[in-house]
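Step one of this worksheet: look at the structure below.
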Amino acid sequence: MNIGKSILYSALLASAALGVAHAQDAEKQYRFVMVSHIGSNDPNMNWLTTSLKEFEAKYPDVKTEYISTNNYSVQEHVRLLEQAIATQPDGIAVPIVSSDAFEGPLRKAIEAGIPVVAFNIPDGRPDGERIPYLTYVGGDEFLTGKKLGEYALTKVEAGEIPKPTHVVCASHDSAHQGLKARCAGMKEVMEKAGAKFDELFIGAEPATARNTLQSFLQANPDTNYIFTVAGWSSPWAWGVANEMKLDPDVDDKGVTVLTVDEGPVSIEGVRAGHILATNSQGFWLQGYAPMEWLYWNKKFGYAPQQSILTGPLVINKDNADQWATQVRGVFGDKAYDEQNTW
Amino acid sequence: MQYLVRSQGFGATVGVIAMLAVFTVIDFSGWWTVQTLSNVTQFTAILALVALGQALVIMTKEIDLSVGSIYGLTGVAFITLEPSLGVPGSLVVALLIAAAAGFIQGTAVVKGELPSMIVTLGGLFAARGIIYVWTGGSVHNFSPDARTHALTRVLGGELFGISAAIYWVGIISVLLAIMLWGTRFGNRLLATGGSRESAESRGVRTDRVKTAAFVLCSLLAGFAGILTLCNQPQTHVTLGENMELEAISAAVIGGCLLTGGRGSILGVILGALVVVSFRYELIALGAPSSWYITFVGAVLIVAVIFNQKLARFLGHSV
Amino acid sequence: MTQQPLIQVKNLDLYFGAFHALKNVSVDFNAGELIGLVGDNGAGKTTLIRVLCGIHAPSKGEVFFDGKKVEKFHPKLAIDQGIETIQQSVGLCDNLSIARNFYLGREPVKRIFGIPFLDFAKMREKSSRVIRQFGLRENVSADDEVERLSGGERQSVKIGRAVEFKNRVVIMDEPTNHLSVREREHVNELAVQLKEQGLLVIYITHDIFQVHKLADRIVIMENGEKVADASTDSMSAEALEDVIRQGGRVVEKEAV
């Protein structure tokens, strides 16, 4: 009874608030919503939110909104998406975390005339079957693993790092298709180079992850490459290997660590010589470009004819300093230093 | 011998001996190495601390699902407050936060007469939420000065090649055993779990006993979080995620009956050893590590059945 | 009696939500008396006792101990006032030894480096002596868990405990349910012994005939009200049984 009432009240309040917001933004012609899987608990969110801010500055007639949750689940994400669609925005940018779960609401939105751009994660199905979104803007997870692997092999040839014998791909989420694709890209390259390859689910809890990885390294002493598919887990991998005296720094012996992302942890890992390389998916562009395409589509009817790949770009010791400067600009010095957990 | 069989830890003792025997046979090259044992015992010590607190709560016939989040919150508080308070100051404040979390939950359970399962489930989410809000999603680093601070070394370093956590769990488990079996508080705690009504009829303030158990549980979980971070300061907002499941499993495998009033300190430590060893061995055998949780579940059920049969065999009414 | 009642209950009312559990109950209890508190299930006997023990606070009315009014009702009230309740299912923790149960709530301690540790030697020695005195099997030791005891032995432990702690009031709540005939007689003998030692014994039961043989006075309750309060000399068990049978209210006037 009471609960029903309070829901009703909050719905009324919310719609009243929205009404006010609309009134204030009268001069804004378009409203684009980014329904993201990256919550404020992931430093990468700053790339997207700063690029949205910059976009708003360049296109004053557009209002952008960034919606996400820290308690991530696909169900929660679908709920946020449905809520966003219900406010009838002029465009939606969303990662296709699960093509099954997102199909229904997105098709409905597209039929209702709301253009949709997939960012960060595409619908992995073939063209005819996939959700008919405008385009995909983002990296390619498979290429991320592959390019990093290929980069490592060029360093092997140059004699800077040891030849891979056994590669372990440490993943914190065994159900995440994107992470699996990163591992698969690395696997293709490394198996071709004659190395054994394993995918290891370490979980997201630091102590458990370390314990799991340590167990793996003890049971598989031939392992000499660790690829962590999240930037924040790279210090754990390095720490475990270091504790086991496996010499994980970048040199011609011991273990070599690779990671992903252009966050402070990854970049500082590269700069400190702990990590061979990381990558950039062009996160900033993944916030900016979808908005631009939504705008051009809405205003002029343009639609790109293929996916727009914003990455990967390998970050290594040669360009890490430049990246550090750039990321400091996005995060601010204080946040950058605090987030550097090395 | 008779005492050993009658003690609640007997099931876990048998389990550990059986487990070690099996591991020796199937993986004798990998198991009995210094590295493996130090890896397993280090993490066992951390989990055991959390599980010991859990055991105290279970012995009062309640349960605490929030330990993983409290472990995380305390650890994150320790690291986040260190720049302004220094290592000793942030240690004290972080532990106070843990104690407060336990006190609030315990009070809600006894004063609100609410099921602890629900209250601490709320605590699990609330504490995790506070971590996210407080840190903005990324945990700060631990400064090099703080890492070399004497107190940090005492909590996270090692002595004679054995990591500090193992000494700590040794000291704390002895203290807890003395408290539980040798003091008034322990007697009343066991009585509260055995029969709350009877304890109350003897004037035992079971509400206070339960609240104290929750506070101790949160303190131990928080202390375990701090030990982990002193040892390895690189962390994340996920610190302690799902740890409540492992801690409850360890306590139950260790012979704590969910019907309250019975448990064993040694059993809980052995229970933690079982949980951690299984993870190691599954990975060593090349099983996908996501199977681990399935195995813990299976071991848990087997342990519950075994401990219950054992209890019935000994004539306990469970 | 001219002496001041040990416990005096005046115009007590108690509600559990909408349920009126005690309705304007007034009773005097004197030291050295064995009082039978009789009534059906839900008549309010146990509720009344729980108020005396501080477990429930009355909604209205007053309770006096030695003429002093009780201001605050809390579970320690019973211990403070020297009240020992002996209930069939409550009072002993199955998971603890006899010695631990015996001293639960007032454990003796021995200080080692200033830290109070349980004084096991004392606990064991005293509780062993009492359980022998109150007729437990020879092979039962103070270190055995209570769950190994029979129903009568449990009652004996509780009664022994009541005597040992120099209580003034012993409340026996259905003390002989589920007991064998011999055990029942043993428990009843103990009740009379307690009274003879000058304690107030409140004996709660359904069985008017059983308690009439032991008691000095019978109080009958019905639907939360006191419907009879008479000495066993003035009313026979049969007359009291009639009171119960006829539902109290009508007979109340005759009984008073």
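Read from first to last, the chains carry the letters A, B and C; within each, the first residue is number 1.
Quick note on the criterion: a contact is a pair of C-beta atoms (placed from the backbone, for glycine too) under 8 Å apart; a residue touches a chain by one contact, two chains touch by 3 or more.
Worth saying up front: this structure is predicted, and the values here are computed from it rather than measured.
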| item | value |
| --- | --- |
| Closest chain to the centre of mass proxy, which here is the mean CA position | B |
| Most widely separated chain from subunit B, with each centre as the mean of CA atoms | C |
| Chain centre separation (subunit A, subunit B; CA means) in Å | 34 |
| Inter-centroid spacing, subunit C versus subunit B (mean Cα positions, whole Å) | 42 |
| Approximate Å spacing (C-alpha centroids) for the pair subunit A, subunit C | 70 |
| Of all residues in subunit B, those that touch subunit A in their complex | 30, 33, 35-36, 39, 43, 46, 68, 125, 129, 132, 135-142, 228, 232-243, 276, 279-280, 283-286, 288-290, 292 |
| Subunit A residues touching subunit B - in the complex, by the definition given at the top | 39-43, 45, 70-71, 174, 200-208, 210-212, 214-216, 218-219, 232-233, 235-236, 239, 244, 335, 337-342 |
| Residues of subunit B that touch subunit C when the two form their complex | 178, 182-184, 187-188, 190-191, 193-195, 197-205, 260-262, 315-317 |
| Residues of subunit C defined as touching subunit B within the complex | 53, 55, 75-76, 78-79, 85, 87, 89-96, 100-101, 103-107, 109, 116-118, 145, 147-148 |
